[in-house]
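Please read through the structure below; I'll follow up with questions.
Labels run A, B and C following the written order; every chain starts at residue 1.
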Amino acid sequence: MSAGANGAAGVRLEHVSKAFGTLRVLDDVSLELPAGEATVVLGRSGTGKSVLLKHIVGLLHPDAGRVFLGDQDITSLDPAALAIARRQIGFLFQNAALFDSITVGENVAFPMRRHTRLPETEIRARVHEKLAAVGLEQAVARMPAALSGGMRKRAGLARAMALDPAVLLVDEPSAGLDPITSEEIDDLLVRVKRDQGATLVVVTHNIPSARRIGDNLLFLHEGRVLARGTAAELERSEHELVRQFMQSEAGG
Amino acid sequence: MDLLIAPLSRAGHAVAFAGRAILEMFRPPFELKETARQLYEVGWRSLPLIAVSGFAVGIVLSMHTRSSLERFGAEALIPAALMLALVRETGPLIVGLLVAGRVGAGFGAELGAMKVTEQIDALEAVAVDSFKFLVVTRTVACMLAMPVLTTVANFTGIVGGWAAETAISGMSFEAYFRSAFSVVGFADYIPGTIKTIVFGFIIAITASYLGVHTRGGTQGVGYSATRSVVAASILLITANVVLVRLIFFLFPESAG
Amino acid sequence: MGSPRLALVGAFVGGGLLLFAVGLFMIGDRRQLFTEHFEVVADFGNVTGVQVGTDVRLSGLPAGEVTDIVIPPAPGGRFQVRMRVREDLHSLVRTDSVAAVLTDGLLGSAFIQIRAGTQSAPEVADGGQLAGADAVQVADLIEEGRETFRLVADEFVGLREQMTETFSGLGETVETTTLMINDVGNDVRQVTTVSALFMDAARDVMEDTHDIVQRVSAGEGTAGKFLTDDALYTHVTGMAGEVEATLRAVRGSAEDFEQIVGGLRGPESAAQRLLVDAGDVVTHARDAMSDLAENTEAMKRNWLLRGFFSERGFYNLDEMTVEEYRELLRDDRYTPLRIWLRADVLFETGEDGSVTLADGAEDRIEEAMSELLQYPRSSPLVVEGYATAGGLGRQYRAADARAAAVQDHLVRTFRRAAELTGTMPIGPEADDSPSGDGRWDGVALTLFADPELIGRGPDAEAVP
């Protein structure tokens, strides 16, 4: 897949299978996540949405199949090349996974310090900008342990966006957030896609949120992509389960 | 058969882990800042523990050497006997075990927690080599801190020995200090201190290995911390046997 | 990672290195690695206890260390020991200097002693060769000493019989010729006085010789131990030689004496000569006896204090004559504390001359020691023995026995370290004794405490 208009890269999975012991989580999944578009991944709890995301960033290695980031097969990269490939990806973990030995500000600054040679003042300015975008500018000097679950999630998102990644993988951004903040985060993600041309992959159980963000949605079930399309298309899906899911406006 | 293969393959895995740490130590990029931070944690913050323990051990050793040497009327040899015992074995071993306790548990728990909260994955996700960043830095810090801490313990041990001695005989510190160094040779002093670098390596690698392979949530973290201390202590004590043998082989003078 | 923390890490590593370097320096300083050196080589047949790093001393001074030991290519060859010696001592190491392997006290470690050479010999070159004197084993020494002393003792037994005969003969002769030679009557009286003195002296020498033989045989508790001290060896052989020479003189004089006595009726000058010779003989015998006594003490003291005192560069009691010891007492660097104890309250003397502590002596000693207990137990204490009764030999033996009895008591009761508790039999003269007449009968406890601890000048304390 070629790079997107603003340098964003698409993501492609070819026949990816993954099992943990006897548990088959992904079963011959082939997917195309187009550059510069927002894809929302839906599915019941424990179906392998987080596992799918981790394959894209190379944290999990498929038992079979290949994962492409742009034109690059990341499953065949050595650790050094993989690290370089990862610099264009931002990843928000489902549990935020903030580094709990440093402050929120340092968490956001961490990727910048590692991968850029920006002067300290510039880094501070950018940290402030990213935290402000998620509404956490006052929390810059606080330790992660002192944050609420929702605040942690937003801080994690700020960190994921620190390097203005071409591919932003977000695992349940609105879980634990009030509806207003949740909407603000959705707007932020849409802005990131629009302004930076980033490829967005968002896992969510929040259907309104999925509708707001998603250019297209895919529904994962029992290791396979059960349905794929726009929100309107999924509402008319042949699968009872998918229709049911789309109707639960309140979100799961 | 599985009973045999599982522990063997785990041991092989751990050895590979240690080998990788040695290789990565010499391969850039060097995580200097993080190494310094770990050195602060491992070294500087262990100082009170080590200094006080060294002092106390010095007092106790002095009392014991006094009671044995008094029988031979050789009280004049107390400082030298104490120094010899400290520098060759007591200092390194005590510091090794204390650091295995304090730092081993720390590494095991910290890395374990990072593992179960996906912070290690998060590091990888921001394109940082987590092995280098977490394991190599801790290993290097431990290897640097151990000889320093051992030296500190040796010296506070001498001060403790002097304190015990002067309470009985009123000996001046300078005389005690000089007398303490009247018998130890380089072959006692240098290998005794250098071998603690190996202790540092063993402690850091054991705790890091168990830490980053933590499973099972919070309970697993506690389990890793405990196992780190136990495994590091046992490995350290057994490695010491080999090291002493090796030192006697390399420095025959120290066997005298 | 803030910069204050970084500074602490720097301080941690830097301080650790510095501390480690202090240790290295202390060891290196003791081994004098940081001063200029030259190298010498010496060969030894036996290098017991010597290894690379063994100390080298020059006249007791730390002078360097052994750097290498070359093993002989075949059995029976000599070990070549290479040493580094401080350059500032170079002027003392001459081509006639001798190196020997010695041991520091009984339990001490081996070291190599280089004896300073003589002025006439040139300085040894860097890398030059010194003569290596092999260690003498105490077993050999005792064997040799015992042999000499047995000879000496036999000699004396023979001599005494001969003398008794001579003198009894003389008595008869004198009796029968009194009337005939009135003019020499006075001289003969003198001769009898002198001969009585001579007998006295001869008996003293006999007793001392016996004493020495006993002591050496007993090895003073060190029999079977190796002693590698050539100074002691020299002492013993030298002493034996001296005794032999004196004996020859005694015997020669005795023969002359007999001849002269036989020819008493001869010219006056012969009688004069007899008196002079007899006087010489007595002087010789006295000298020999006092040498023997002193040398015996030297031998005995050699096993005592040595280790401690040489360690501190203080002094060696064993190599010290009474006169040197007195000088040491006067030397204000050492500030000895002395406590005088009288013999009549301390000792009981048995019929056989043995000395034991009297009832109540222990309280006296305890009282005296309580004065000294405030100083470090590691301070050396010397028990000086004094005795005024009898001739020189008897004084020596009494002084020695007294000092030994008190020393023994101190070691057992006060648990004083034996090598820090020496004896010094002095005799009758005590310069600064509380009796005021320059003599003392008893003992003095003399503590050589660290002058800094005492903080006052040389001082004498008397316990009446």
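Everything that follows uses one rule, which is that a residue touches a chain if its C-beta (ideal position, glycine included) is under 8 Å from a C-beta of that chain, and two chains touch if they have at least 3 such contacts.
Model, not experiment: these values are computed from the prediction.
*Asks:* Per-chain Cα mean versus the mean over all protein Cα atoms: which chain has them closest together?
*Replies:* Answer by centroid distance: B.
*Asks:* Go through A-B and B-C and name the pair with more C-beta contacts between its chains.
*Replies:* Output for the comparison: B-C.
*Asks:* Among the chains here, which has the CA centroid at the largest distance from chain A's centroid?
*Replies:* C
*Asks:* Using mean C-alpha positions as chain centres, tell me how far chain A is from chain C in Å, no decimals.
*Replies:* 94
*Asks:* Centroid from C-alpha atoms only, then distance chain A to chain B, rounded to Å. What do you get?
*Replies:* Between these chains, centre-to-centre, one finds 43 Å.
*Asks:* How many angstrom lie between the centres of chain B and chain C, each centre taken as the mean Cα position?
*Replies:* The computed centroid separation for chain B versus chain C comes out at 52 Å.
*Asks:* If we count contacts the way the header does, which residues on chain C are in touch with chain B in the complex?
*Replies:* The contact residues of chain C facing chain B are 1, 5-6, 8-9, 11-13, 15-17, 19-20, 22-24, 26-28, 30-31, 51-53, 107, 308, 311, 375-378, 411, 415, 417-420, 450, 452-453.
*Asks:* Mind listing the chain B positions that touch chain C in their complex?
*Replies:* 33-34, 36-37, 39-40, 43-44, 47, 70, 72-76, 87, 144-145, 147-149, 151-152, 154-155, 168-172, 175, 177-178, 181-182, 184-187, 189-190, 193, 253, 256
*Asks:* For a test of understanding, state which residues of chain A touch chain B in their complex under the given definition.
*Replies:* Contacts found on chain A: 54, 57-59, 79, 83-84, 86-87, 89, 91, 93, 95, 97-101, 110-111, 114-115, 159.
*Asks:* Spell out the part of chain B that touches chain A in their complex, as residue ranges.
*Replies:* Residues 110, 113, 117-119, 121-129.
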